[in-house]
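What follows is chain A paired twice: with chain B in the first complex and chain C in the second.
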Partner chain A sequence: MIVDPFARLGIRRCMGISKDELETRYLKLSKTCHPDLNRTADVAEQARILSLAAELNDAYRTLKNPWERARCLIDLQDPQLFTMTKKLAPTFLMTAMELAEDVAEVNADRAENLRLTCKRKLDLYLEEIAELLLREDYAEAAVKLHESKYYRKALEDLNNGDRRAG
Partner chain B sequence: MSKSPDSDRLILGIDLGTTNSLAALMTASGPQVIRAQDGSALIPSVVSFAADGSVLVGQEAKARALQDPENTIYSVKRLLGRSGEELQKESEGLAYTVTAGDRGLARVSIGESSYSPEEISARILGEVKRTASAALQREVRDVVVTVPAYFDDAQRQATKDAAELAGLQCLRIVNEPTAASLAYGIDGSKDGRVLVYDLGGGTFDVSILRIQDGVFRVLATAGNTQLGGDDFDRLLAERMLGSAKLASSALAASDPFALQTIRRSAEQLKVLLSETEIASISIDIGGEESVEFSIARQEFEDLIRPLIDETLDCCRRALADAELTIEDMDEVVLVGGSTRLPLVRKSLADLTGRAPNCEVDPDTAVAQGAAIQAGILAGGSADLLLLDVIPLSLGLETMGGVVSKLIMRNATIPASVTEEFSTQVDNQTAVDINIYQGEREKVEDCRKLAAFKLRGLPPLPAGLPRVEVTFLVDENGVLRVLARELRTGTEASIQVLPSFGLSREEVRDMVHDSIEQAIPDLRARALIEVQNKARAMVVGTRRALELSDLPGDESWSLRAAVDDLDRLLSDGVDEATLNGAVDKLSALSMQIADDMISSAVTKALREEA
Partner chain C sequence: MAYSDKVIDHYQNPRNVGSLDKNDKNVGTGVVGAPECGDVMKLQIQVDDDGKITDAKFKTYGCGSAIASSSLATEWLKGAMVDDALEIKNTQIVEELSLPPVKIHCSVLAEDAIRAAIQDYKAKSGTATKTEAGA
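Then we have the complex of A and B:
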């Protein structure tokens, strides 16, 4: 049972959603279902509202992030597609390998540069994926989303590296 | 405020602080701080146990700190939800004694007896309750209690337990900086992005909030639950003890009286240094003698600068997590008594490029915010809403001691994740799930919150039962776990064994004042638990060994440890022996997991190719 986050927030199912609209819908819906505003309800109703509120927060978190949004669009089309798309081009794997090494060996001076490169690359991927999804080429979108995952992971590692050092 | 609060529903907002506690109540004209007859609002968070058996709380207890330091407990908030071991370094500087009790939990020793931090905190909450009930001429029962935003699940649970022990019903736990932001932005004219910097007596929090049409939404939070004004006092006290005059005096650093005298003097000096560039104090060293100690503000600031720098790092981290920069902030709000320090204000001004907002009263803003939240719960402020976040990621222990994250830090709460579990042996009817909180990858670097035991599974071949477990973090930031067996529809029951703080049963027992402990019972239960854990480890590790392609020597040592444990199990050895073998095996598999993580990226790539 997958909850469709787009339906949960009442916005059109697509990559190019308006951030403002998403936020407005989310805040409005939060005011209709939050445990704090339903204290007089009975126990069963309070439990239902609690899980609805959790569901709403999860839906907003998914749609707010463009990578998760793309993943969600692919999953809604075909829940198996993304996980089944395992085969990536050998040339890409070489690049990914080098990226992993760069991240592992990066020093403080170069971290910011590498971070920017990864960020730019991820943004480019997301633009490409948005176009593929618009053309309903879900299979290729899934491949590109897999590839972009390595840049996303690299960014995460770079940020966490900072955290650990600090 | 569209409606006036339900007049039958009295909900008090309480700021349970490290140094002082206080309460406030929402009224038609806004939050009102509760004051005692003498006009004072702050109740010192101090509890003193007198020789005649009486217990003093608040101002009277604080007055006894110098004459009876060993039996006068202050800063107990720093002990909440923590183990004796974690507090070892912490407790060295205290004038009273902290020991490790059952399950290694911190306890405070008073003469022959000892108390849990929850019990001491309950005394403070009881005093707040009495003061408020007297001021309002009504019995107080329902409360909203604030905690540092960076408190983890165990510390939050301990706070709730303390309220229960004080005969209060804690309807909601609210994060202190979030509460302060309510007090700051309640008039509705402050929409925008706000950084709340909350430096109290024992804890530090920073929260980044978005205020929008009555919704106070926390975007990110960071902090340190063991950093506050107490630490500044401690550093200053160490400097004083190290000074030639005091070092050669009759004062011994290990003497509780001396410790308390120096601590008190350090606190006074700190306050003086906020006003003047140089301050001095005369310290009574006993026997009619006194020693004069003076220090320049600059020197004091050099002492505490590393700690202030740490708070600034937290600010940067919270901003990064919120994906915002300091330029995006419309306001920087200061809360907590320690923000009176000139160095704090100057450092923040340097970081943010503007003067911080000092509109809210740093001492009462948190209690006022708690009162506003209490008003929301009572149904009086339907146009206001708080959306808070979980401060630290929650995860599960997976094979080899690795934590797999379920809910990421700074996720808006309530938040939930559903995972499926199965069994590893035929006819297995229980499954163990270990929950950790923290940002690191391995279990030993995170805090174990609890062990959950799923019971009542239908006896089926291994792997066949499908148990759906939902981990739900509620609006208080407290974890709830729900489980269901999907194949047969059986409700699986869950037994929770918290790693810190009190178990549900313990709280119930204490509330009913029947503290007769059935020790043989507990021992038997402990043994069964270790046996179950050992059995699960034997099966799990053997299965993992079959599946993985470990190098020969590693797999040999692991196999030997598994066989060892299996033999001890069938020999029916005692709990301690079995525990030793379990620890040995987990250490070994953890070390192997370590090697696996370091090569994980390359391996994942190889598999995909």
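Then we have the complex of A and C:
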């Protein structure tokens, strides 16, 4: 059973959360379970507080990252959906192949351009995913989230300068 | 995690890397992906009039196991009859490469790529019997 990070932090379950609210809620709740403030508690209570603190950290980390936030909204709706939607359309996979080739063959002059293209594409994906989640089209949101992974990976590889073609 | 010698061999010396003309009606192309790792695999077969696979090429962007699985697949495909090639199972790839459980999905990807390439070839050459449901 997954912990609902929105519930854990007391934030409304949606894609468009406020960064400030997330930060404030996290800091406020973290204070209550800081080990220093609970030194007089018994061992069992300290253990409970510690696991609560870990849950808060996980919840915060998940919600701070928009891709993980989207994944979380999909999982909370249907834990199977993400796995069930991973077979992507051949036309998209062709695009993914070309993207991987571009990344592998890019020279220093073009790398910045390609990086920008990926970033722009990822912004569009994020907008699209947010819209799909708002319309409660979780399956299509999952597909788009899968697709975006190729651009996220491309960006990572461009930043690391490391991609191997077989 | 340690890769087996065979995986390392295929990874360092991948067989049959490249592309065939995807517009050729005797060429079947399959492109599959594992989005959770951002892997993408293209596998192509060239088939003669007797239904024999005369050439196979692949291009994979992914981990060592994904590269090795597709490289091995092309070796097995070359010289095989199309209908026999459909019998290739991911478990055979797992066995040959001694893939650990966490890398089994790489062999599944290779099997999917073989099937997709054959299906594409059959659709193009008009030898398709019936497309599999959900495929």
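Following the convention adopted for this analysis, the second predicted complex is superposed on the first by the 160 of 166 C-alpha atoms of A that agree within 3 Å, B and C clash if a C-alpha of one lies under 4 Å from a C-alpha of the other, contacts with A are read in each partner's own complex, and residues count from 1 in each chain.
Convention: a residue touches a chain if its C-beta (ideal position, glycine included) is under 8 Å from a C-beta of that chain, and two chains touch if they have at least 3 such contacts.
As the structure is a computational prediction, the values presented were derived from the model and not from experiment.
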- Looking at the combined model built on chain A, do chain B and chain C fit side by side or clash? clash
- Go through the superposed model and pick first if A:120 touches only chain B, second if only chain C, both, or neither. neither
- Who contacts more of chain A, chain B or chain C? B
- Message: Output check: A:135 vs chain B and chain C. Expected answer is one of first, second, both, neither. What do you get?
- Response: neither
- First, second, both or neither for A:110, with chain B first and chain C second: neither
- Task: Could you say whether A:149 touches chain B, chain C, both of them, or neither, answering first, second, both or neither?
- Result: second
- May I ask you to decide whether A:96 touches chain B, chain C, both, or neither, giving the answer as first, second, both or neither? both
- Query: So which bits of chain A does chain B touch that chain C touches too?
  - Reply: 86, 88, 90, 93, 96-97, 100, 104, 163, 166
- Message: Looking at the complex, which residues from chain A come into contact with chain B?
- Response: 27, 30-31, 34-37, 39-40, 50-51, 53-55, 57-58, 60-61, 86-88, 90, 93, 96-97, 100, 104, 159-160, 163, 166
- Message: Which stretch or stretches of chain A touch chain C in the complex?
- Response: 86, 88, 90, 93-94, 96-97, 100-101, 104, 146-147, 149-150, 152-154, 163-166
- Item | chain A contact footprint on chain C (complex, rising order) | 11, 14, 17, 31-36, 38, 40, 42, 58-62, 66-67, 70-71, 116
- Message: Applying the document's contact rule, which stretches of chain B touch chain A when the two form their complex?
- Response: 171-172, 212-213, 215, 217, 313, 317, 320, 373, 376-379, 382, 385-387, 411-416, 439, 472-475, 601-602, 605, 608-609
